[in-house]
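Worksheet: one structure, shown below.
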Amino acid sequence: MSTNLGVWIAAFLTLGIMSFLYKDNPIYKFCEAVFVGVSAGYWFVTEYFTVFLPKVWDNVETAINVLQAEGRMDWFHWSYLLGGILGVLMLLRLVPKIGWISRWPLAVIVGTTSGLWLINYLVSNAMVQVRQTIIPLYVAGNLNASIGNIIIVVGTFCGLIYFFFSKEHKGVFGGAAKVGIWFIMITFGASFGYTVMSRMSLLIARMDFLVGTWLGLLK
Amino acid sequence: MKDKYIFRTGVLLIFLFMFTSLFLGMDTCLAQEMGEAEILEDSLAQPPAPPTNVVAKDAPNDNGHALLVTWTLSADDGVGRNNVVSYQILRSDSPEGEFEVRGLVPAGENIFSDEGAKEKEDANYFPPHKDFYYKVRARSDGIFSDSEVSAPAQAYGQWYHTGKTPVLFAVIIFSTFALVFITVARKGKELYIRPLAGIEAVDEAIGRATEMGKPILYILGLGSADMIATIASFTILSRVSKKTAEYQTPILIPCCDPIVMAVAQETVRAAYLEAGRPDDYKQENIYYLTSMQFAYVAGVNGIMIREKPATNFYLGKFYAESLLLAETGSLAGSIQISGTDEIAQIPFFVAATDYTLIGEELYAASAYLGREPVLLGTLKGQDWAKALVMIFLILGALAATFHFQWFLNLLKVQL
Amino acid sequence: MRRTLPIAVVAGVGLFMLVQYFIPLEEFETLYEWALDWTMVIGCFAMLLGLYSLTTMMVTKVKRKAPGWGYSLVALAGLFFMVFVGVVPHYQDSLKYGTLFMDIFEYIYIPIQAAMFSLLAFYIASAAYRAFRARTVLATILLVSAIIIMLRLVPLGPLSGINQWLVNFILTVPNMAAKRAFWLGVGLGATATALKIMLGIERGYMGRD
Amino acid sequence: MNFYERMMNLDRRWVYLVIGVVVVVTAIWTFRVPLYVTPEARSVYDFVESLTPGEVLMIGVDYDPSALAELHPMSYAITRQCFSKDVKLLLCCLHQNGPGMVEQVIAQVAEEYGKVNGVDYVYLGYKPYPSITILAMGQNFRIPFPEDYYGTPLDSLPMMRTITNYDNVRAIINISAGSATEYWINYANGRYNAKLAIGVTGVMTSDYYPFLQSGQIFGLIGGMKGASEYEYLAEKGGYISKEKDQLIASKSMPIQTTTHIVIILFIVIGNIGYFMTKGKK
């Protein structure tokens, strides 16, 4: 058995969480409360140190220093203050009467990312995928590869048909859509099968900790 | 009023596309005539013949901190005495001034991109709009010979990245499809959309909660408020909460992101207002838990077990927690409707929830629930874009089979 | 001001982000970086909103002595203790290893997270047992494919080679085809959604008054 | 309620119990599983095997404690193999919660083999924004990492004298549990033509398999099974040994095997129950 206090605390918390498998109980509730509280605090502190201080505080400080030392406005660094002001506007939600002002910073966020997403998705999801699916249907002297490529092109084609919304899935069209969803199901099965190993690894690591590190039963 | 506004934005958008496409025709590279190679006859000297025709010009498609240097290979590179080992590229800000080494390329190469940093503080800062002169030095073992100094060149940024033209076309085609069908839909033409089981189950699921007198749990996922999946989920939430307002069923929304929480509050409040029951809206039911993945799940699991909601919605961005949520929900006996665009998580939703919206279906859901012509119109436009993609797929496969390289080059995208 | 301005801002900023993709100029790069930084800054201010929401919820529970209010007290204590030990010693040092802040993270947060994550192993087994029934053709395809993939970890003697070939085939052929179709669909759907947002058609995220 | 119906409505806690018991029991009474080594794992091993003393291999380690069980064994096996072959290592970390862990691996293995920091290996440390960092490293490692993890300027490290960018390393092996892999493939390989292999979690394996086919990566170690295949090869090559407790993944492979069998059995039993009760309703 371990003599390390940290190990005992960790073991207690691990068992507390796992007890949820049997049923909800006070120990799980306690662990859950600790988990939620500590994680929210952790998140807040990391945001403070990794975003607020370097992106707002430091930049504005530089801008003020430049103003004091050289007497000129350093617009590049001042601009981050504007980001800060937008952030403060977000907080105006808490004042019911002028809460609608918080839509402005929201609009900046959504606008920025919608422009970005439009390009990103179009390029890396649509165009690059089309480009990569362009493969020869016949590979000279390699029957396996030829058959594989034909199946890939047909599968992609049918899969896309499945995602058609404005046409009824019946007749040949419906048949193709069905083949498409078969392909998709094979993929889901494969994903599932592969995930089992990862999840088991996590459990094995925990068991190793409990049985090995904590109880000292292994080796 | 609204429609007019949308129309104007559309027009503005098209105008801007046209404007940017004007730059297509502009060849921003400086075309410089390459002179006849002047071969220097070397006599008894050991060093290799110097490179000739050193030309510096602005590097294309960049932000203005690079020059492209080209030259004609030394007469002794690979032929002649065959003693050129490498070329050194030297730069100065005056023809007579001191030259500094900028780079080295092996023999046989005749192009070098002299790139620098854009920050003034950086040691390797490359000032734009400033004349630079280049020399190329052919090096042999310990001995070398320099080319003549090039004509001055300046680095400047470009207004259009020529490598991105296919993307521009794709954006234009896609937007055109969408805009055309929005117009068609607005004219009142009925557009068909095929049924989606997950969407049709929404009403039934809300009805069940009302009968049982239990709340509805709506999870917006782990994504931030600007992710496409989350935004699609907001639109669905707005429909769902309008229904819950009508049925007077409470809706619980624990959030993983403070901005998502703020938006969810706004959305639900508006839906209650629209349903004519603003007094039933309870802000305290839409709250922030924590932003850390598993802590959030621990909290939500607790809610599911203790509140026993009749219906759980999981719509948005989900990662490994998908199965933790869905299994706990099914343990609590709730009807569950899920949807995400994370392909790795869909199998778990398929296995553990009653209805699943797969990928694009999640985005389309807003059109299904709203049935507004503009939304249906974009859905139709999207399908047309899909048809186009499928045509490209087939043509591309044929082109690859029969080696039509030019067609394949059409789709080359410079990232 | 309440609705029109935000929607105009979305359209304007979105259009800018779209156009700047095609323009390599330095000024546009800087603006782009600003826009990204600003969204991050707004996000970090919004943290205060989250904190406020969580605290009021918990405090109300404690005040009303609602069922389980004791746990709310625990969560509140955890939250404020973390913020206290994190922010008070000040300046970046809290995030270095060896501080009380990081110790709590390592000895309390990490074990709970790992335990929570490992619950998945149990859940995946129960999902397999309950849900993988060959009810329909689709369900059968899903479960057969999953079993084939899982069998690669089971020693099958001479059959291992065949299984390996099947796994390989599934991953490189149907898996690839379906993923492409899926990604293409998502790509077009997301592009359409982004366009709808920029045009002000999709605005569920903004409330509606 | 007959047997099959009861089987259909089995309380899921029995399922949990079976899994838990199987894991603990197999952990205590372990056995050796015959292993089929996949070609994609072998090609990574063979590549490292082909390196000669003094050559540089880069390892990008991008995971946090939650993926430790699957990916740590790969990191250990590869670093051990490299150091016993006197291959130099350049490491970096692009995952926020990972840098301390990487330090732990490299410091431990370096001590085992008496390797010196700055001469035999360099650990660059952590930088956020993987895409930008990977792109910048393609030009020069000094742009994102002017100093190494320990705060020494790169220029004053003997090993870095001949190393500028990806051109100076033989290959990159990315061991990752996140999206950084995508950037390694698109930028390090796509843009800078660096030779790339990856080690990923089981969940990610099926996503990255296609890149193997297209030749963008030359090898793939998938999850704990991939790691144990690598350990198997490394043990045969004499780089690691069971006596020194260096076979980390292989140790848990029996548990993987038994739990997989159990889950498959669950599916089969569930279906038997389903078909036996179906006709009655």
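We just call them A, B, C and D in the order they show up, numbering each chain from 1.
Following the convention adopted for this analysis, a residue touches a chain if its C-beta (ideal position, glycine included) is under 8 Å from a C-beta of that chain, and two chains touch if they have at least 3 such contacts.
Being a predicted model, the structure only gives us computed values, none of them experimental.
Engineer: Across the interfaces B-D and B-C, which one involves more C-beta pairs in contact?
Structural biologist: B-C
Engineer: Based on mean C-alpha positions, I'd like to know which chain lies farthest from chain D.
Structural biologist: If we average the C-alpha coordinates per chain, B ends up farthest from chain D.
Engineer: Hey, which chain is the most central one here, using CA centres?
Structural biologist: Central chain is A.
Engineer: Take the average of all CA coordinates in chain B, do the same for chain D, and state the distance between these two points in whole angstrom.
Structural biologist: 28
Engineer: Can you compute the centre-to-centre distance for chain B and chain C, using the mean CA position of each chain? Integer Å is fine.
Structural biologist: A distance of 18 Å separates the two centres.
Engineer: Measuring from the mean C-alpha position of chain A to the mean C-alpha position of chain C, what distance in angstrom results?
Structural biologist: Centres of chain A and chain C (C-alpha means) sit 3 Å apart.
Engineer: How many angstrom lie between the CA centroids of chain A and chain D, rounded to a whole number?
Structural biologist: 20
Engineer: What parts of chain B, by residue number, touch at least two of the other chains?
Structural biologist: Counting only residues that touch two or more other chains, chain B contributes 167, 171, 174, 225-226, 228, 231, 259, 262-263, 266, 288-292, 294-295, 298, 306, 320, 343-344, 347-348, 350-351, 358-360, 364, 379, 382, 386, 389, 415.
Engineer: When you check chain C against every other chain, which residues touch at least two of them?
Structural biologist: 7, 11, 15, 18, 21, 39, 42-43, 46-51, 54, 68, 109-110, 112-114, 116-117, 119-122, 124, 126, 128, 130, 132, 142-143, 146-147, 150, 153, 171-172, 175-176, 179, 182-186, 188-191, 193-195, 197-198, 205-207, in rising order.
Engineer: Which residues does chain A have that touch at least 2 chains other than itself?
Structural biologist: In chain A, 17, 20-21, 29, 31-32, 35-36, 38-40, 42-43, 50, 90, 93, 103, 106, 109-110, 112-114, 117-119, 121-122, 124, 126, 130, 132-133, 153, 156-157, 160, 163, 184, 187-192, 194-197, 200, 202-203, 205 touch at least two other chains.
Engineer: With touch defined as at the start, can you tell me which chain B residues reach chain A in the complex?
Structural biologist: It is residues 166-167, 170-171, 174, 191-194, 225-228, 231, 259, 262-263, 266, 288-292, 294-296, 298-299, 301-302, 305-306, 343-344, 346-348, 350-351, 358-361, 364, 367, 379-380, 382-383, 386, 389-390, 392-394, 396-401, 408, 411-413, 415 of chain B that touch chain A.
Engineer: Give every residue of chain C touching chain B within the complex, in rising order.
Structural biologist: Counting only chain C, the residues touching chain B are 4, 7, 11, 15, 18-19, 21-27, 29, 39, 42-43, 46-51, 53-54, 56-57, 60, 68, 109, 112-113, 116-117, 119-120, 123-124, 126-128, 130-132, 142, 146, 179, 182-186, 188-202, 204-209.
Engineer: Taking the complex as given, what residues does chain D use to touch chain B?
Structural biologist: It comes out as residues 12, 139, 186, 190-191, 203-204, 207.
Engineer: Sort out for me which residues of chain A touch chain D in the complex.
Structural biologist: My answer: residues 21-22, 50, 132, 187, 190-191, 194-198, 200-205, 207-208, 211-212, 217-218.
Engineer: Touching residues of chain D toward chain A in the complex: what are they?
Structural biologist: Against chain A, chain D makes touches at 13, 16, 19, 23-24, 27-28, 66, 68-70, 128, 201-203, 205-206, 214, 222-225, 252, 255-256, 259-260, 263.
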